[in-house]
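Two complexes follow with chain A in common, the first pairing it with chain B and the second with chain C.
Now for the complex of A and B:
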């Protein structure tokens, strides 16, 4: 049996043995995956049929006016890829590696039961992933344009994707993963991204999820950081009927820094769960985390941010905050900002709020002649926008803002919207 | 029978009918089965319904498994190796005078400034009668009687006020609530019963009285406090002095019921034996405490200072059922040596405009492990609910741990909920500042720790706040530097 077959076989066994997590498990207390199998049937992992998407459809889903290297996956299969990468940047698709370089493919498909936030579905992904992007950037190379990976789900069934991003010493890149689609039938997107940052490497990672409201979405981001590396993540979850994103960051060597920002704007019966775990293993690492959620309708949001400070992590500096705005009396938020600290030389803080818009701010805007509704809309948008400041690309940011704001109740007067847009994104 | 004559009867019973139970009673061999429960019930002369209640709890307990989610480590408890009914130690077995008591213990008493006769009582010295205390107790009983307050051991309450006990027992913490609560319901042997009638403000802190009477609190203690409409009571459990205890497992249940406009303030100072420097021995303190703000505008406030026990595992909670009710939780937990504490609170907001405040201060030193675990639940109908949570941890030494697990569940858009937590060590600059002004390092640490705990100590009854400060100093001795 080849390496790959062995890896896949073992992974599948792990999945068969353990099965999907249930709400009896602490990490899955508020999110039941039973809906996936009840909607998609027992063989929920069965692959979606291939589809051929034309350029116009791709353009309709893509972020407009965005200058980037674009890679498109349609229902889990590589559709198109641009070329012209600078020297030192190697980009292969997983399907290509599975044929040519099984060693590398096996690395990309690795899974680890001991990993934080591991669940058996991760192993299933290792067993089933058909395609993905494997990006290697050599030492000192800076990727000149962002890499934009667009996924479009249009057929029912599951797509299993596995991406790997390996950045060499002092390499730099900006990668955007975008999951889109508007299929009227239920499907499952299951995507895992492995990130490895060598000494001094720097990765900006944006993850946008604007899938159809019938789609299920399971995601995982696994980050390992070496000395003085930097990882900046923005995660926006706007679509899908049920979505779950696990982010596990290991700050393995001294001086590593990570920033995790996220926004979830939910309406209808959407359910969205974010679990993050930051492991401070080495001394003098810094982590910042800021997630915000706006929940309308019968939406159910879950946020669980865990920061673990290990025994030798002297000089750790960690801050985490989570804020939520409930707009409807049927919406629900369950938050748990956790701190596990086994060392004394640390600065750690977290905060969590659930509430309404500030009466004073509303009064201020109204005293300036805005109606109550306008004032509320402006403040709600401003609430969401806080976590998007600092995004690298204004095109991506504007795209997220438009997608998120479109979900919020009420039509904001167009001139105010324009005003907000121009004010929010200084060019 | 009117309440007053009931109280009169009770008071007429003299002190020996109080906490000191019949010494003739034999100790049961270790093990737990129906017969043991029947025996306990028979010894306590309990009515049929209570025996059935105990047996139902036991049946359910057998189907439960020990919870293991807490952030604590301990070797498995053999529930069949515990004796569930032991007569209180006869006073002849105790030391004859203070000279025979462990000098270490005496030294601690001295540091805490405990009066001599209380030292004797705490150390279990066989004194014929502590005249002061008895007379003090009698005076207090008179005062309570005049006010119409019932305060007696729960076994006595079962006998004298069965309708009250039956109405409220298990109504806040059902027998099926959790593993330890079920066990307690099946085998509880002792505890207090407090009933404050409508509109009465309890004339004294029940603490003082309790301190005198509480020499033999059981291993499975059951406390029930009922505050009727518009009444007010403050109750203090435990005391700052370290107490020797032979029982390793303590699984108590405390139930509080506050009706309309009632206020209950429940303060705990817990300083059980924490085990030795190597983490051998020490008490397992697994307690279920819950208050039910049943009436509108009622208020329940928990204040705890936890410095003892090898393992503390408890979450004093408030169910804010009545509109405009208020729940409060103030806690200082100190873990040193190999102590572990997994403690916090649950605030369940069900009524409209309910408010809760959580202030938790954790201090970990040595190899101590400290966890705050809390739940703030704001239900669908809890319009205008507010919560403010602040939990801070202070780490002294690089081998200890401080963890925070706050659960937040909000289902109402008009709720306001804030949670903040920080963890840090004592700043070098703070220490330097104190040292520079001639304060020794140990005093400086004490000063800073006391400042850190101030928000909680301020909520203790006055005399205990002073003691709590001193307790922190004594507890931290040798933990720093």
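Now for the complex of A and C:
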């Protein structure tokens, strides 16, 4: 039996014994996964049927005018991949590795019996994942264009994806994971991404979730950072009926820095949960976290941001904030910043706000001739933009903004979308 | 141009304005002076259409339209402009963008075509020079991180760009040092014209040294107790407000 077969078996046993997390567990208090099995059935984990999608379909979902290496998956299976990567960059699909090089799959995707399963939902992924991306970048190599990973969900059933991003010393890359779809039938997308950054490596990671409003989405991003490495994450959760993203960053060695930014824009009865944990294990590491949420209708948001400063982490510098804008009195947010400090010599700040649009700001804009709707859109957009301004790619940022504002009341004119904040003074 | 008749306004059931009569003709500059809490800012806010005020009696007509029936943006389109006592900071909303949206909304309401980007930037640059506002301020968030004086200059700058027919300056002079006051006054004077009326709400006579009013009104206890010309302001400066109250038997 290969290593991976062993891991799969062990993970499956774990999953069968424990089942999905329930709201009795603190970490899942506000997010019930019971709806997944009630909608998809007891065998909710069963794979979605394969689909074959054409180029026009891919283009319809993809970020427009975005120059990137592109790898596309449809219902959990590799569809197409661009070629021409520079020397020192290897990109394999997991399905390819499972046929040709299980040892590499076991290493790069941390598929070994010692690796943590995180929880029973993730255990199902370990047991069942059949495809994903394995990106390895050699020491000192810079990926010249972003890598755009696009997944399109069309069929009912579950999809278990597993990605590994390995950057050698001083390697650099920008990777975008995008989960899309607009199926009228419910399905589950479950994606785990494991990131390893060696000394001085730098990864910019954007994670976009624009799935169908019938879809369930479970995601996990697990990052291990070595000395002086940098990780910059932007997570945008806009789609799915129920979504949960767990991000765990371990600042393992001195000088590592991470930035976690996120935006959730929810409407209708959407439920969206972000749980993040940053572990300051080594001294002199820096973390910045800024999440913002816009909630309309009867949407329910959950944000739990945990920062743990371990006993050896002297000189830690950590800041975290979470702000929420409620556009409806039926929308709800459960926000909880958590700070656990086992060391004195640290700088740590966190804060959390929940509010409505500011009446004084609204009146000011209207007194200058902007309509009520226009004023509300502009203020809402300005609120969201705060967490998007640092994004590396303007094409990705514009895509997120348009997707986010299209679903809020009174679709924002694209003219406004283009001008605000970028209305530089021409010379 | 502006006709306020027997205006009564209450806030949370408490009457603040108790029958204001004020007529302002085209091209005139009126100063409204009075002690703290007399209702000056209430009057300015009611003309601009801010929420939270209950009009219990009376009318405001502007160019023969019922102003009280219009929402704030419709008033702006009709040519009303309020320079705020406390200009609001709006991070993330670009100063120039706001002006462009506001100006084009007004032009659209008047049946005019929108200005193109080049025409608009020429206009904005010219007006920024008028109040000695550095170009760097144009692309910043609205009032974001501006000093008190910069905020007030920004209000006059906005007024210069939007070219209202009725401008209400709500304590635009408060918190300004003498240099800033001169700059603001220069901006206001440059905008005086036969078509534009200006209402200045102020505590102090000081502003009127720089912007000479056609009429001065004393607002106290929710009523206009006395009206006169610029000499009334000088007298108030010397004698305070109590004698006006006594004279009016309040």
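Couple of notes before you dig in:
Throughout what follows, the second predicted complex is superposed on the first by the 402 of 427 C-alpha atoms of A that agree within 3 Å, B and C clash if a C-alpha of one lies under 4 Å from a C-alpha of the other, contacts with A are read in each partner's own complex, and residues count from 1 in each chain.
FYI, contacts are C-beta pairs under 8 Å (C-beta built on N, C-alpha and C of every residue); 3 or more make two chains touch, one makes a residue touch a chain.
Just so you know, these numbers come straight off a predicted model, no measurement behind them.
Superposition of the two complexes onto chain A shows chain B and chain C fitting side by side, with no clash. Residue contacts after overlaying the shared chain place A:298 against neither chain B nor chain C. Annotation: apex chain A, arms to chain B and chain C, angle 70° (C-alpha centres, rounded to a multiple of 10).
Shared-chain residue A:310: touches no atom of chain B or chain C. In the superposed model, A:46 makes contact with neither chain B nor chain C.
Shared-chain residue A:336: touches chain B; no touch with chain C. In the superposed model, A:145 makes contact with neither chain B nor chain C. Shared-chain residue A:10: touches no atom of chain B or chain C. Of all Cα pairs linking chain B with chain C in the superposition, the shortest spans 15 Å. The part of chain A that touches chain C in the complex is made up of residues 358-361, 363-372, 374, 378-379, 381-383, 385-386, 416, 419-421, 423-426. The touching residues of chain B, counted against chain A in their complex, run 69, 378, 380, 393, 395-398, 400-425. Listed in rising order, the residues of chain A touching chain B in the complex are 26, 311, 324, 326-329, 331-356.
For chain C in complex with chain A, the residues that touch the partner chain are 48-51, 71-73, 75-77, 81-82, 84, 87-88, 90-94, 96-103, 105-106, 109, 117-118, 121, 135, 138-139, 141-142, 158, 162.
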